[in-house]
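The same subunit A turns up in both complexes below, where it pairs with subunit B and then with subunit C.
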Partner chain A sequence: MIWQLDLLILTLVVICGIGAIMVRDLLGAAILFGAYSFMMCLLWAIMGAVDVAFTEASVGAGVSTVFFVSAVYHTTRRTKD
Partner chain B sequence: MEDILRLIIEKYNYWIYITLMMIGLYAIIAKNNLVKKIVGMNILQTAVILFFVSIGVKRGATVPIIEHAHDGAHHAIRAAEYINPLPHVLMLTAIVVSVATLGVALVIAIKTYQRFLTLEEDEILKQIREP
Partner chain C sequence: MKILGLVIVALVGSVLIYATVDFPPFADPESPASLHVSPRYIEKSLDETAVPNVVTAVLADYRSFDTMFETTVIFAAGVACFLLLRIPRRRPPGPRHFRHRLTGLTFRVKDGENGKEIFLPLREFEPVDSVWTPHDFIIEKVCRYMIPFIQLFGLYVIAHGHHSPGGGFQGGVILGAAIILLSVSHNLRTALKRMREKTGALCSALGVFIFAGTGALCLALGYNYLDYRALAALLPGGPIMARSHGMLLVEIGVGVAVMGTMVWIFKNLASLGRYDEGL
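== the complex of A and B ==
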């Protein structure tokens, strides 16, 4: 495990997480959450958990983002906070 | 003071996991929009999974796939050379459960929108109080 890479990706994860809950648009929040999931997947590949990494890449980043986008499509993009 | 600083720098990954958990908890408690709350719930779940996976990491170890698996009788398997795979297997189940939870939560949010025509929590509560 290379600690410089680990720290860099952890910082990106925190930035994507804060962005996903702060942005004033639900579609933007869904896409930022997908970016957050892919960063998390990289983190697990660094830690040596390859099985968890590719499950997260397919299920967490792929299927979750599709669920969020279809939920936003069926409701509304508008949000107050 | 220096001891506390060294504790923070040595265990920086744990502090960042706690930060991620607190971001998710803040979104669940303080955000007004239902989809934002669901995003916060997922961030909290992935932070907990990240903590559990990081427990199994060893220094100088490789991924948990056995080398020379076909003629294993001639090679000794040393467990210290492999990362502990037990947390990975447990957290694989947790990821799948989290996606199922996400699907159910989003369906409940969609049904709420169809009934009240809004996703904001305060407007839903106002409509419930004054029909």
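== the complex of A and C ==
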């Protein structure tokens, strides 16, 4: 485990997580959430949990992003609050 | 209200962070989980089940009840999306769009008198979505050639889950994502031609049935529920290999259920339950 890489990815996870909440554009939030999932996937892989990383990559970064995008597609892209 | 929410979030967060102090450190050999549970699986699982991937052995054999109900949860999620979103009504009245197959020209067709639908010959015209209709040759062809390889990889992930990372969940999601890619790159109707709504729903239920049926088969052969040693009476290779084969059966069930459910949920979400047009 390289701690510099770990720290970098952890920082990116936090930034993506906060960004997904703060951003006004719902499509952007969905994509940021996908990026968050991918960073989490990298973290799982670093920790040696390869099966969990695989699940996170396929479910979190892949299919759930598509679900979010297809849900945003049917609503307005701007949030009210 | 917002400030109250922030205060609650900060309080709960600080309590959670305070609680993590009691956790054993990362990879501590003295932690309770590493003392009894993990060594048992790491040392014995290869001898008992003939499966090198310990994670698969734990998920599909030792803790197969958990996995069975996880599959049921996924099935329930699919049913919930279906019940919430599916609209049996036909499409709302309004102009529709058709593309002439040979020239690529798009036509806007209004309803006839008394709201009667005008049908263009589908051999020459194809219906297109009214909101957003990209028709990109390169994307369609590239995705069309990628999809078989994605599906092959999904099957590999399911079948090879005993020896490498992977298994039913991941492979099923990859198989479902291939159909979703077809829908995103072409349109929903193309994906529906390949996998109808009923097929998705049926796969979803069939996967859970395969999983539960494997357990019931073990019960019928005189062993405990989901004790795959019972399958040695039906499959070659003795009771240890029977556990490995039983896991493969169960993983196939999980894969089929997850694939069906992912496609089912996506189609309901993308078309708002109308199944005519969507992402």
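We adopt the following convention: the second predicted complex is superposed on the first by the 80 of 81 C-alpha atoms of A that agree within 3 Å, B and C clash if a C-alpha of one lies under 4 Å from a C-alpha of the other, contacts with A are read in each partner's own complex, and residues count from 1 in each chain.
Throughout what follows, a contact is a pair of C-beta atoms (placed from the backbone, for glycine too) under 8 Å apart; a residue touches a chain by one contact, two chains touch by 3 or more.
On a predicted model such as this, the values are computed, not experimentally measured, just so you know.
Asks: Tell me which partner touches more residues of subunit A in the superposed arrangement, subunit B or subunit C.
Replies: Of subunit B and subunit C, B contacts more residues of subunit A.
Asks: Now for A:Leu8: first (subunit B), second (subunit C), both, or neither, which partner does it touch?
Replies: Neither subunit B nor subunit C is touched by A:Leu8.
Asks: Once the structures are superposed on A, label A:Val59 by its partner contacts, choosing first (subunit B), second (subunit C), both or neither.
Replies: In the superposition, A:Val59 contacts both subunit B and subunit C.
Asks: After lining up the shared chain so the two structures overlap, which partner does A:Ser37 touch, if you call subunit B first and subunit C second: first, second, both or neither?
Replies: After superposition on chain A, A:Ser37 lies in contact with subunit B alone.
Asks: Taking the superposition as given, does A:Leu27 touch the first partner, subunit B, the second, subunit C, both, or neither?
Replies: A:Leu27 sits against neither subunit B nor subunit C.
Asks: Mind working out whether A:Val69 is in touch with subunit B, subunit C, both or neither, as first, second, both or neither?
Replies: second
Asks: What part of subunit A is shared between its subunit B contacts and its subunit C contacts?
Replies: Touching subunit B in the first complex and subunit C in the second, residues 47, 50-51, 55, 59, 63, 67, 71, 74 of subunit A appear in both lists.
Asks: Which part of subunit A faces subunit B closely enough to touch in the complex?
Replies: 1, 6-7, 10, 13-14, 17-18, 20-21, 26, 29, 33, 36-37, 40, 43-44, 47-52, 55-56, 59-60, 63-64, 67-68, 71-72, 74-76, 79-81
Asks: Can you list the subunit C residues touching subunit A in their complex?
Replies: Residues in contact with subunit A: 26, 53, 55-56, 157, 165-167, 169-170, 173-174, 176-177, 180, 184, 262, 265-266, 269-270, 272, 278-279.
Asks: Could you pull out which subunit A residues touch subunit C in their complex?
Replies: Residues of subunit A touching subunit C: 47, 50-51, 53-55, 58-59, 62-63, 66-67, 69-71, 73-74.
Asks: For a test of understanding, state which residues of subunit B touch subunit A in their complex under the given definition.
Replies: By the definition above, subunit B touches subunit A via 12-13, 16, 19-20, 23-24, 26-27, 31-33, 35-36, 39-40, 42-43, 46, 49-50, 53-54, 56-57, 59, 61-64, 83, 87-89, 91-92, 95-96, 98-99, 102-103, 106, 109-110, 113, 118-120.
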